[in-house]
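The two complexes that follow have chain A in common; it is paired with chain B in the first and with chain C in the second.
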Partner chain A sequence: MTRPVYINGIGSVSAQKTFDNSVFLEDVTYRSDTIINVISPDYKSYIPPAAARRMAKGIKMSTVSAKTAIQEADLEENKIDAIIVGTGLGCIGDSEKFVRDIIDNNEQYLTPTRFIQSSHNTVAGQLALGMGCKGHNFTYVHSAISFESALLDAKLQLENKEADNILVGGVDELVDHHIDTHRLIEHIKQEPVATMAVLKSGTKGAIFSEGAHFFVLSGEKSHSCHAELVGVSTFNNLSKNQVSEKARSFLEENNLTSDSIDLIILGYNGDVEFDGYYDGLANGLFSNTCQIYYKHLVGEFDTASGFAFWLGNKIIRHHNIPPVLRLNSVEVSEPKLILCYNQYRGENHSFTLLRKC
Partner chain B sequence: MGAGVAITGIGIISAIGGNVSENYRSLISGKIGIDKITQIETVHKDEIMVGEIKDDNPTLEKRLKFLENQNSRTVLIGCIAAQEAVEQAGILDINDVRTGFISGTTVGGMDKSEQYFYDYFDRPEVRQHITGLHAGDSTKKIADHIGLKEGFVTTISTACSSAANAIMLGARMIKSRQLDRVIVGGTDSLSKFTINGFKTLMILSDTYNTPFDDNRKGLNLGEAAAYLVLESDAIVNKENKTVLGYLKGYGNANDAYHQTASSEHGDGAVLAMQKALEVAGMDPSEIDYVNAHGTATPNNDLSEGRALIRLFNGKVPEFSSTKAFTGHTLAAAGGVEAVYSILGLQNDVIFPNLNYKTQMKEFDISPVTKVKNKPLNTVLSNSFGFGGNCSTLIFSKAK
Partner chain C sequence: MTELKLELKEKIIEQLNLEDVSADDIADQDPLFGEGLGLDSIDALELIVMLDKDYGIKLADPKEGRKIFESVETMAAYITANRSA
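For the complex of A and B:
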């Protein structure tokens, strides 16, 4: 018999002011751009300045987000049995600088720090080092399902009692060369779009961003518990018309139907070529369900779905759906079952299911 | 404890051969793959030795019937190894059961990213490589090549233990019935990025690497791809499949000591090996041979040697590192050495730790240095990486 998995602590550093868990999108930042950066917390109050100076932004964001989650879970750091991180590109700022140095200096005068930090598992390794956590330490690097792969791994271990408390997170940073090259291939929008106009942009590409979302997942429900992680499932390739069928079978595996879902969180990013993947669910299976979206507020990045997961937990805790997120006018007073669906450019689809507990 | 997870296919391409049988022949004939670098233009070419796959990209592309310069070398070698594993497992329709693909990589498409870093802006014809920088992109392309459609596909990047961790996740997913079949392993090509990175860490040898030798000078980088097919007992029984060996145990732990170096007494390594033995339900005395991580850096071999002495309470079984043959193939290493572990079990042979001459001062254990025939039932394989990442896999003979 497997045991349930609970989310006992959450942390976020995103393009909105989310690093403070006591508020919930009360003060939204509106922008008009093609790229957006995180609203940085005061890193000094989380990390000693001497250490912070050498740290990549991804490590700093993750440290704050992880500390917030662990603190909320009211857990001693030594009670964390495993650390699992998802990241599309790791600390890509350092990789980019290291490549630039190799080329510009013809492979001379290089220093190791940038190389070390560009290893994809730097964040998970640094967190383990900081906390003295000697347990399982994995890093998943698979585009839009990097975070979900980490969730799935954690869920498997908690269900099978291989661990009791796991720190799970997703992190990605936004850097120059990545922006410049992705503009060339129109994965980033060519023209700025205002936050509330993202869905109607009618243009190709997304607004690129960054962020770090960490969670404490546990086999026991604590007083700080937000929700239960009921299921997570990912798919390599799906056609638009397969999405509804997969959503249905995902719910069936969890003994549920689409009617039982109170709220669906969709990963719409305003890319005219790929938003159609969400339309199938929004206009079909879940047309009578309360629908929300979030990438207009926090942008697109490989682990943006970590924000959706944070959002689901937050909504269950606060019984409140900030109006700025709403896609339709279907009302729900106290959402108990929340489904998240995400994909990127028609690949790497994921369904994640949260339940109030 | 059950028999473990069945391995029904293996595939590999490395500096010592383009498939499983070529690798085996090289291992038993002492043919090493370390040489001067030929396929990457680097200012360090006279100061380093590498384990390079002999075929250049056009040759690999021809072998795969791929268009020219559409893929990273990491993808090309990955496709070759994964295809061999799938063919050997006798899989006719890869989507007929819930099949997954889990690949480990550290560089992904870095070979192309560094080559075209400034060129993307003026040369539209190379822009297909922009998205190749995503490590997951290489995995996706290999999954497409072996015909996987909607199934579970992901990538693990935990530095030099990546493939070992991919194998571990695959086994856990089969055991928990999330998948019926999974192709697991890793792929990494050589790149200027890793050559220069390891150069800054000052752990590259300027000559042939000498694992566990007192005078070891560091590692040779290598490139390789290697995959295993793991299948559930239900499929093995139903299709009466030939089992090549079993994955019995696995463990991952973190040294939590230093971002790149291993702790003096190998705490993480001991933990990983203990966990693997626990999962396998085995006593240390049941291990017949250890395929060591043995990179030939001063730090690794000392730390790993001490960890072995601790785990086995002084009675260390026969051990060797095969990195003198292949070089250190980074993310792929755990996959390469899983394939070698299975070949060892199948053929009752321990592959030698080449280039060893001088006993290390710090302890009195020494590796097997000649091909040795010996009945093998259980092999333990270690892979350790940056970020304190330590992984152990335990394989057993097919019954």
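For the complex of A and C:
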């Protein structure tokens, strides 16, 4: 018999001011750009300067996000049994610098710091070092389902009582070379688009961004509990007409139908080539369901769906859907079941289901 | 020598990412490791690479580093006596 999995703490550093858990998108930042950076918290109030000086941006964002989640879960750091992180590109900034050093210095004079920081599992490792967590430490690198892969691992471990409290998160950072190459191949939009015009841009590519979203998942429900994680499912390749069928079977596996869903969070990013994947759900199976989107606020990155997960938890807690997120006008007073669907460029699809508890 | 000391301080700050530290905050005789700037073994490796790359000095015996990296003053003295770049 497996046990339920609860989300007892959440943390976010994103292109909106989300690092403060006491507010919920009350002060939205609107932009007009092709890339958007995170709104940084005051890192010094979270990380000692001696530790911060070797931290890449992704590690700093993750540290703040993780600390926020653990604090909200009201958990001592030594109660965390495992750390599981999803990331598309890891600490790509230091990877780029390390490779540039190799080229510039003819493979000589390589220094240790950038090498240490340049691996994908640096974030999970640094979090564990900072917390003194000697338990399971794992990093999933799988494009747009990196976060969901981490989430699924945590869910299985908690259900099977292999751990009681797991810190799980997703992180990706935005750096120059990554921007240059993705602009070149037109995965980043060529022209700036205003926040509220992203969906109607009619152009190829997305607004690129970065962020870190961490959660404390536990086998026991605490007083800080936001929601229950009911299910996670991922698919590497789906055609547009397979998405609805997979959504239906995902809900069936959890003894639900599309009518049971109060709110659906869709990962629309304004890419005219691939937003059609969401249209199938928005105009079909969930046409009478309250629909929201979020990438116009926080941009696209491999673990952007971590923001959707954060959003679902916030909405269940606050019973409030900020109007800036709305895709349709279907009303729901107190969402109890929330489905998240995400994909990137037609690949790496994920369904995640949250329930009020 | 004064110029070299200032150069070293700036390089140390930049290469070791010492945030909120300026060259004026580092006295010539301040210990770089331990109670002074609080540098550690990874920083020592960074400094060894810096000596090689920027001043053409290869430390054959890493134990030498203990004395050379005692302070900016000892570093500057060693570089002045041994530099090839």
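Assume the second predicted complex is superposed on the first by the 357 of 357 C-alpha atoms of A that agree within 3 Å, B and C clash if a C-alpha of one lies under 4 Å from a C-alpha of the other, contacts with A are read in each partner's own complex, and residues count from 1 in each chain.
In the analysis below, a residue touches a chain if its C-beta (ideal position, glycine included) is under 8 Å from a C-beta of that chain, and two chains touch if they have at least 3 such contacts.
Just so you know, these numbers come straight off a predicted model, no measurement behind them.
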item	value
Fit or clash between chain C and chain B when superposed on chain A	fit
Broader residue contact with chain A after superposition on the shared chain, chain B or chain C	B
Chain B versus chain C as contact partner of A:S14, first or second or both or neither	neither
Touched partner set for A:T234, first chain B, second chain C, both or neither	first
Where the C-alpha centre of chain A sits as vertex, the angle toward chain B and chain C in the overlay (nearest 10 degrees)	70
Which superposed partner A:P112 touches (first chain B, second chain C, both, neither)	both
Partner chain in contact with A:L156 - chain B first, chain C second, else both or neither	first
Touched partner set for A:A52, first chain B, second chain C, both or neither	second
First, second, both or neither for A:S258, with chain B first and chain C second	neither
Chain C versus chain B - closest C-alpha approach in the superposed model, Å	9
Overlap of the chain B and chain C footprints on chain A, listed as residue numbers	108, 110-112, 116
For the chain A and chain C complex, residues of the former touching the latter	49-50, 52-54, 105, 108-113, 116
Chain C residues touching chain A - in the complex, by the definition given at the top	15-20, 38, 42, 45-46, 49, 52-53
Of chain B, residues touching chain A in the complex	42-44, 101, 105-106, 108, 110, 113-114, 117-118, 120-121, 127, 130-131, 133-137, 139-140, 143, 148-159, 165, 169, 172-173, 176, 178, 192-193, 196-197, 199-201, 252-260, 267-268, 271, 385-389
Partner chain B, residues of chain A touching it in the complex	83, 88-90, 92, 95, 98-100, 102-103, 106-108, 110-112, 115-116, 118-122, 124-126, 128-129, 131-143, 145-146, 149, 153, 156, 159-160, 177-178, 180-182, 184-185, 187, 234-238, 242, 246, 302, 347-348
